Amino acid sequence: MVIVMRAHATPEELEAVKRRVEELGFRSHISTGSERTIIGVIGDERPVDPEVFEVVPGVERVVRILKPFRLASREFHPDDRVIELPGGARLGGGAVTVLAGPCAVESREQLEATAEVVSAAGVKVLRGGAFKPRTSPYSFQGLGEKGLILLREVADHHGMAVITEVVTPEDVPLVASYADILQIGARNMANYSLLQAAGAVSKPVLLKRGLGSTIDELIQAGEYILSNGNDQVALCERGIRTFETATRFTLDINAIPVLKGLTSLPVVVDPSHATGQATLVKPVALAGVAAGADGLIVEVHPNPAAALSDGPQSLTPPQFFDMMRDVRKVAEAVGRQVG
Amino acid sequence: MVIVMRAHATPEELEAVKRRVEELGFRSHISTGSERTIIGVIGDERPVDPEVFEVVPGVERVVRILKPFRLASREFHPDDRVIELPGGARLGGGAVTVLAGPCAVESREQLEATAEVVSAAGVKVLRGGAFKPRTSPYSFQGLGEKGLILLREVADHHGMAVITEVVTPEDVPLVASYADILQIGARNMANYSLLQAAGAVSKPVLLKRGLGSTIDELIQAGEYILSNGNDQVALCERGIRTFETATRFTLDINAIPVLKGLTSLPVVVDPSHATGQATLVKPVALAGVAAGADGLIVEVHPNPAAALSDGPQSLTPPQFFDMMRDVRKVAEAVGRQVG
Amino acid sequence: MVIVMRAHATPEELEAVKRRVEELGFRSHISTGSERTIIGVIGDERPVDPEVFEVVPGVERVVRILKPFRLASREFHPDDRVIELPGGARLGGGAVTVLAGPCAVESREQLEATAEVVSAAGVKVLRGGAFKPRTSPYSFQGLGEKGLILLREVADHHGMAVITEVVTPEDVPLVASYADILQIGARNMANYSLLQAAGAVSKPVLLKRGLGSTIDELIQAGEYILSNGNDQVALCERGIRTFETATRFTLDINAIPVLKGLTSLPVVVDPSHATGQATLVKPVALAGVAAGADGLIVEVHPNPAAALSDGPQSLTPPQFFDMMRDVRKVAEAVGRQVG
Amino acid sequence: MVIVMRAHATPEELEAVKRRVEELGFRSHISTGSERTIIGVIGDERPVDPEVFEVVPGVERVVRILKPFRLASREFHPDDRVIELPGGARLGGGAVTVLAGPCAVESREQLEATAEVVSAAGVKVLRGGAFKPRTSPYSFQGLGEKGLILLREVADHHGMAVITEVVTPEDVPLVASYADILQIGARNMANYSLLQAAGAVSKPVLLKRGLGSTIDELIQAGEYILSNGNDQVALCERGIRTFETATRFTLDINAIPVLKGLTSLPVVVDPSHATGQATLVKPVALAGVAAGADGLIVEVHPNPAAALSDGPQSLTPPQFFDMMRDVRKVAEAVGRQVG
């Protein structure tokens, strides 16, 4: 860190800051400029919150030099981390992997019809929600464990892996007993109890970016899972809240190459939630692949008009086949294969 | 709701929409304009998600007419809801109530020293975190139940009520057994499992706005608690994420009168988190009172420079006394009393 | 428009609204629901501001049914508008056109070196700023007319067209006398005097989205130019202001297909300003092409380390050749050619 | 500035950065940490853009130590700057000054009626727009010079000063010949040609914050005017663009004390534009005063329902008298007088 002193900080204040730096086990390095004195803090600053120094009298502000995460960083783990999934799919390591299925599991018929479609299009991971976080208490909240059972049975029937969301720490073991990947949704990205619980199981976790969370916070949330012992974490950009109202959220496409640079974790794009409109899913999915994403997670429904949730952003089977055809072409254009 | 058809929607599409409206138990009312046909949906639209119609072919978009909440609305409950607390404080009903204490409970000495200060300044509700949601897994995470015990003992010693945060559904009964108000933090505003658990106890809940959440979503989160049977809910504006980086968050001061108009729930302002800087706490607290807030929740620490969290935004005892003096003056200027 | 009356609006208030609707030349259509009465306003609402009705007592809110623009809309002009440029480039109509050059014109040598590179890579439109809007009054402000002369001479030497920015209405004729396309920058998107001046010349205009402006406002700004008589307008997504600070701005990739749907104007992406970092330019440029952009505008400098502005986001010649190679591949993958 | 080198920067890269620092007239100070080397740049960094160093190979990022403005800063000019106006009003120096009038000048009758009301309420500065920047080309664009003449005549009749907006550099002398304060609107905050023109006249300027502009950018825009020779500048917070849609903009109340700390320029709050709704104007105006604003600029109309622009946010005369009464009370509560 670099500590910037106020314009007229006294020698005593400077001395007190220096003492605090050393109390915390760092060395200090003072540089006196024309208008400000700055103090370099030498040592591993990651576990220290800048506010420890900001609060000392005479300090104007504190600037981090290192990113506040370590295990998730590319510096710590230079090679891409790869998550191998049953059924032959993998996240990271060069392939573009598509995870697809309905927003919510509604019935065996609906799930079976969807699995047949996405499997025929080459998809090896079936998504579907059994526990649904809904903005309104009056909306459909999911089938719970019954949904998990359906997901497992239908996926097994097609030789697919299962990804499904978990919304509370106490459900983690239950969901982990059915799913091949746990999904942590945007609204729970900073639910640290849930992150810790997900860090304690041996199943991979797909962690979605909170809609008001920065890239650094997303990686720190991933660090919670990694630092609890689970090293299979993938990150998902699914759109952030901005002032634009033409779409439900704004996909932060810049985040794809930024995340690929800062971490070695696989990065997935969710064009369905990021746009909220089926007609926008394909162009935004293609953009995600072109920008370097390792995967896409896409909502598909055999009959969106009858969907119990997220109908407007769900692709019909023909729309999904069309998207997959172009995803393959763009993936090849950037030297990758749909895995 | 009003359903707007696309420019060249066919009569068959119009008919299908009409059918869907009636299937869901509503009446429809068609109005044919020069460029668009619109369909009025007549009946209580609140439990219905607009996407049910958005997904029908030929529909351009769907506009809600009613707000998506009922129990929390001022239309449903025209009079201010008032929450009475042990120790004589209350939220709502005209008073301006200050809740104050350290960010985190660190030790009996720290808590006792803070309680003495805030109590002397007229505060009847002691705040303090025992379970701390922290962005970094390497930060201090709170004392847990030991912190709850300290809070209860110190508050009882001063005849104060206790407010403290709960971060996971399974901890709700434990926290409710020590606290007089449960606090649900910004990062958990859309943690629906937690909202439901908080709806099942008989203690009041202070629900903070998510940093990327709209006013409507905050009220809907309150509706989760209300609709689960707990009618003692207060809402807290604590700053939202915007592009401005001079302060940690941006306090949405407009939200105070908007919330007071849309709901009858008490509204509290948190100037500490909204600014992140002790020098900004007083002017922003005064602004909150002037705009009509029913309460303030403020971080105070006997020695911010030694605080384990949120030091930079914690007031020292003299700063807190100074703020309280002016809070009283501004409250009187707008016809209210600090309660 | 649809006018929503308050819950307890009186018959007199309803009557007054109806009268106001008719005074303004519309017909009204009243629909009485269970909790609200709504009034459909029948006629062309585009020239009318909703506030004309919002202000009438008893009105809760007013919802637009039609978009507030006409000439720019795809409904008005269903086919793609195509802008033909000297030197053989065109914007719109299927090709992907790259506009490239330095941020600011600094010298003949710098401009000539850049033009040689981008021309060799197949680029037919040279960009370069002579009038530079800079955040700080102490930054380099551009060469002015001398820069325009250099641009024209160097472009002519390579058989290229010229695009350059104009920042004030009185300079429009001067800039139009040298340039083939006028660029209006993000900071001037809502400078209506400038838009009107640009509407009065016969040169095409590339209009950049304001960093705090919605998609609808961008199209309305384009409508200003169109409605002043200039029908050659292209729109540019160059990143918006969000809470994310890892990049200079956030490219709104969703905006590409949204704009292509709402308007028939060509859409250009600026990956240089949207990211602010040279290493992010290529992935974001590819994303723009994959999402359907008609063009890219990219900053290139023979020696970014010596650039007088925007060095960090300028591509070196090798980086630019590399980007162009992949732009061609992705364009082909989505069925288009780099023109 | 502090230059942070990449993790594995070479000695040659470090040397090149050092050379660049010295070429630009600074001294350098190298500090070698455990994971990064940082270089302190010693000298007045204000006129230098950090990108000059960011672009040098091996540099990870550059951190400003000083704010990018000087003349506007409180360090440069520690005492409050005070703007004295004809008619006895002043901005800055302890008073709370209210500027009020219609959004747009529509007619002598409308303006006269408004001036009578606001003058009776103690207001000494009449606002009114003659040149109106409107989002839609089809909206009322103002009366132009005819409006200026009306403003001057009506204000003189009541012994008031005039504030009115100027939208293009060439109109600055004209507007300055009628007005006592020039207003530069949010949409023109970064219209640098206009700022320079406003810097060349001897009338005070009220500069509004751009809706997507940071506090630092607002102050830098003020610095444009100051550095062109006009030292009478006041800044205005009028709401920024955020994701919240319940109000037209989000007033950044934190900005008031932040601006008062960073600069010595007077700070004005515009509750009318910040909220867009008449019922919210009073609570937000009171909040602005409580937070330390030196003035308020408020829209008033004798008959908002007939206003040609901004009717929904205009106060009626009784609403304005009511607001003024409470503004006086809150001003007194914070030790100030309405001037």
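Letters A, B, C and D mark the chains in the order given here, with residues in each chain numbered from 1 onward.
The definition used in the following text is that a residue touches a chain if its C-beta (ideal position, glycine included) is under 8 Å from a C-beta of that chain, and two chains touch if they have at least 3 such contacts.
Being a predicted model, the structure only gives us computed values, none of them experimental.
K.L.:
So using the touch definition from the top, which pair is joined by more C-beta contacts, A-D or C-D?
P.N.:
C-D
K.L.:
Using C-alpha centroids, which chain lies at the maximum separation from chain D?
P.N.:
Following the centroid criterion, the farthest chain would be A.
K.L.:
Could you tell me the distance, in whole angstrom, between the mean C-alpha positions of chain C and chain D?
P.N.:
26
K.L.:
Where the CA atoms of chain A average out and where those of chain C average out, how many Å apart are those spots?
P.N.:
Measuring from centre to centre gives 31 Å for this pair.
K.L.:
Just the number, please: Cα centre separation of chain A and chain D in whole Å.
P.N.:
For chain A versus chain D, the centre distance works out to 39 Å.
K.L.:
Identify all positions of chain C at which a residue touches two or more other chains, and write them in rising order.
P.N.:
Residues 212, 240-243, 245.
K.L.:
Note which residues of chain B are touching chain D in the complex, please.
P.N.:
212, 214-216, 239-240, 242-247, 250-258, 261, 274-275, 279-280, 283-284, 286-292, 326, 329-330, 332-334
K.L.:
Under the definition above, what is the set of chain B residues touching chain C in their complex?
P.N.:
Those in contact with chain C are residues 2, 4, 7, 29, 31, 33-36, 38, 40, 42-44, 63, 65-66, 75, 241-243, 245.
K.L.:
Note which residues of chain B are touching chain A in the complex, please.
P.N.:
By the definition above, chain B touches chain A via 20, 46-47, 49, 51-52, 54-57, 68-69, 133-139, 141, 167-170, 187-188, 190-194, 210-213, 217, 220, 223-224, 227-228, 240-241, 304-305, 307, 309-312, 314.
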